[in-house]
């Protein structure tokens, strides 16, 4: 099968990750993933506001996913819509299992993803960027959380759908994993897949995540050259 | 006069009341009143949130009246509109005098009415259902609060207007009473009535309330068979 | 140059100021400035709500500017819009330097301006009225804050633009001053002015402010006849 | 009476100490009020119309220390689907922070909503405004009449002050005539107003009904009732509000007083509109 | 397993004491549940359709103590610019304060948004609703299908109860036929529904997957997964939710059980729709 | 000076201890700043245009540690009734939580509103954008130009960073040409931009005016003033902001510096747009 941009079925789009790109945030990351341009920032651990959300034995995690009004074809009204609210929620579910939340009782970690230019796969790129930003912020984690989608286009299961592929495709399945634990912490799917195709797609996406994982580590290495990671 | 559904001028629509229909609520009631289908729920007494609303010497009562989007002819946007806010307020005024609020200082009783199918008279049916739900929740009361409307159609004062009668009628007057105290705790009216007709309509509505009162007691008897009520 | 309403270039529209016109407010003022009709009210010093805004060493000031829905040509939706939010902010910046905020630690002063009829220059009239209302409320101040605009119409710098002049004019510049300190505490401008014209317009506006200052003092004298002011 | 004692505990005001309430009740028992009015007497009522140039109709009403602007703006738009031949009246009330230390900025609370809806109902049900005459083209285009109530100073009894202000502003409203393209022209025509509905509000303090409650009386109230009447002395709207209850006799007393006082207020309105 | 221990600390429920969770986990390890169900067994599921006259389609679903109304209203409007030939389905869920002591009034929170979106996705991706057949005039006018989920009683597993309610209401919906002026007539036609998508939700407690979690099981959960399947046993939507993770094997187990149970639920739906 | 002492108490920053403010003031008195700039010197200003494919115009501006995206989307719609022959420019600013630890999610606060309105005013009043040329059909259809400012990193002086970003994005914006049905085509045309307005912002610290305040200088400020100038060195917008005041001389100093620095910034903008 020939893909629209000439990639192999198991090939990622070009990915560029840079850690520590913002001044104010405690940790930050910029990612270009194909034509996606996304920033991630981490603030915290800090005091919990409003107070009644505080947990005695661990930190709480707040995740915000937002698209700039000019990041998509039709101008988007500012502020998160229902899609963004859902993505914020699944991002939290994908990332929190990797963070040592009990290291910071009674505190809050705030995560932001801002999509400046969108082109299919923003949630995977966002999760990937956030976990680099978390590392940049010095938040202790069990592991980084790489993320990547698989899908089905023209009857074939392929990795990391571009916008055109997503529009015409039969299924899309974003996945995130904690590599050291071999656990899937993000899994969504829409489209139609047989049981076999589901297994095939998850397996392929998990392999993609492993590639993304290396890129995350490289980015942190570049930023903290000389420091040991892994 | 022949009424649209063949009722006598002083006859209620068929009413079916069932207490204790919801699992989570502390007290609940389902009422079918003509074509109205309404649920009432009571939570509490419980902690007051936000705290600054707390009263040292008694409970506070919060009333919510809401219609499901599909309960009326034209789809209603979710959430209470101005009409619903007003009904919530008069419901509170109708019910609170019957509740022994000073038994529960620094606490809150929350009441919900959800209209699933609407057909004229939802506020009367709602109040009727709520006071059964309050009894089901074991909240101590001076009495139940039955409610019923009277109105004027084709020049005649009649009881419990159906939707078609309300649309073509000259006046509608919802009433609620505390039977033991013979006090009117809900009274609204729109339309045109002479002084004499006002008196006639209130009297008729109060008689209707007495009938509803028996149905409330029956419903509680059915639920708490063997237990003594009254 | 002949102005639309026959005024000289440095002449104000007729201004009528009355202090102490509202019963509930701690201080109040009604101003008619040309065709503008505006009320100002002051509440406080009072407890700060929400508490986390409290300052240990001084009061906080909250300013609200609002137009009645019927105050302008096209009906305005109730509640402050973005223009009103900005005016509230610059009003605060104009007034706060004149108030002895550190006299009232941990407290709050609330200021309201309600425009009932609008006709160019509402923010200047509002600031003028508020500082009379502050005096009426007995809030200690370094000085009153008179306010007045200058602008450019048909190539000439003139004082206090009427609605028709503002619509056709080349520039408008609202100014407020603290006369005793000779400080400019409000300064906005839109339009096009040369450096020389800017200086000319500010100077003219400051002279207008001095005239307004006398009217403020007169209004307070009328209200507190016999009492000493200045 | 057993009931009364219970009610007293129940409704004890959180703001005014019980002792203050007892005092007002004992006064009322003797037919007296703090400001020396009779129980069925209004505070001074001042009505001024056409007070805002930018509004098509306007009124400024002072009732004791309560002060309210009503402003009317007339626009065009689509009718409601269930009344395709009727113009639309939309009534809103804003209890702005200027009017009282405890009024908050923001969307109308339940108090403001109730005021607007009771005022609206009185006028609507009296058929004072002939909505049929406000139809431009059936099912397509009708006049929209916006009635905005702007409460500047709150010293008790908002509903009556707002009701009189709204009715006076409507009755003196001059709406722009439309041209053939449905655009407003300079020409003006009065709104089709054929009645003057007037709401009268009472509070119950102990066993007494007090007309036109002052702020203090409102704070101490057990219960409140409003009766709106029209020119022909029909009752066109009623609203029992707040906690507490009324006997049938008390309601009928309120109806009778409202009919009489409503007529007097209509007199004042007509005077002001001259 | 090192991972497991960490996860336990991480996800310790704030509501239910750790001890309660440990108990449920130990039960599940033996394949047991508090209410004596098997791990892959549903609670009693009751489906009633056409329960609301005012809705074009409706269903009342009880799943254990969870109770949900779904109501369908069909209107007309413009298509989305990127799908000019497709009718539009809009799914909303309200977790009203009636349903649980901790549900707040106000706009839908993230929980309600997720429920609505997962239910919507299952139905949409199964192509159960033929949106092409809901086009009136390309680029101009299409049917809008509003699916409103009104949760009355919340006793765990909202997604499955809502999914079954929405699908049943759609499948029995009778929409009004339009006349030549695009106005609804009295004539009725079924919605073009060609499939019955069914979501199945599992929670992970320790190492066990439990189908159709009760409220207590939800409170103790480590992680949740939903798999929606269609008539032809295709997977049409998946959603991993909450904190925690799954192994590939666990996901595939959930897929297999969902396919089997989905078929049984479709049977109940068809029975109810007769 | 008596005034100065009072002001110092009045405006004492709540965030930065008084001692820090005193230090910055004493530095400024000697014409110095913490980052070694002159009082009338900008931090490094980096402008990049066409950074977002999906936007018709875009710019990424870094001013010291402050970073702002401006994105332009061009649509069509109705003109405002009072300007039937003019296209419409709508400027919005979002201070998203990413940009600073104390920026909250939600609708724009008064800070964001002021930034957007001051930036908008500078561009609008300079007549940089020829709105007449954006009219499609008088009274009916005009181009809508949405300018969205997305603040990613906040390190002081938002207005100038946003003003430069908005102006640069507008000046390089390529809007789609409309076909005969008013639908956008693939063809592109530059926006009719005829000037480059530039805002220059100063804070007053003690008796000194500091151009382009850093975050710390902003926190310590007594007062702030912005002067926007155009190509012909006209002043086209001014805004005094925050607490505190200026003498006439100080204002005129700000005007003179703004005129000179504005010209330099225009040079950088032109360089970036090549």
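By written order: A, B, C, D, E and F. Residues from 1 in each chain.
In this text, a residue touches a chain if its C-beta (ideal position, glycine included) is under 8 Å from a C-beta of that chain, and two chains touch if they have at least 3 such contacts.
This structure is a prediction, so every number in the text was calculated from the model and none was measured.
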For this session: Quick one: report the Å distance separating chain E from chain F, using the average Cα coordinate of each chain.
Result: 48
Problem set entry | Between chain B and chain D, centroid-to-centroid distance (C-alpha), Å | 26
For this session: Mind checking the centre-to-centre distance between chain C and chain E? Centres are C-alpha means, answer in whole Å.
Result: 57
Seminar exercise, completed: Going by residue number, chain F touches two or more other chains at none
Problem set entry | Shared-contact residues (touching 2 or more other chains) in chain C | none
For this session: Please categorise the chain-chain contact pattern as a line, ring, star, complete graph or other.
Result: ring
Exercise. List the ring in order: which chains come, beginning at chain A and going next to chain E?
Worked result: A, E, B, D, C, F
Problem set entry | Footprint of chain C on chain F - complex, ascending | 3, 6-7, 9-10, 12, 14, 81, 108, 110, 113-114, 116-117, 121, 124-127, 223, 225, 230, 233-248, 251-252, 255-256, 259
Seminar exercise, completed: In the complex, chain A touches chain E at residues 55, 57-58, 74, 82-83, 85-86, 88-90, 92-93, 96-97, 101-102, 142, 173, 177-178, 181-195, 198-199, 202-203, 206
Problem set entry | chain E-facing residues of chain B, complex | 22-25, 35, 37, 39, 41, 43, 46, 64, 66, 68-73, 75, 78-80, 110, 112, 114, 116-118
Problem set entry | chain B-touching residues of chain E, taken from the complex the two chains share | 51-55, 58, 65, 67, 69, 71-73, 75, 92, 94, 96-101, 105-108, 146, 148, 150, 152-155
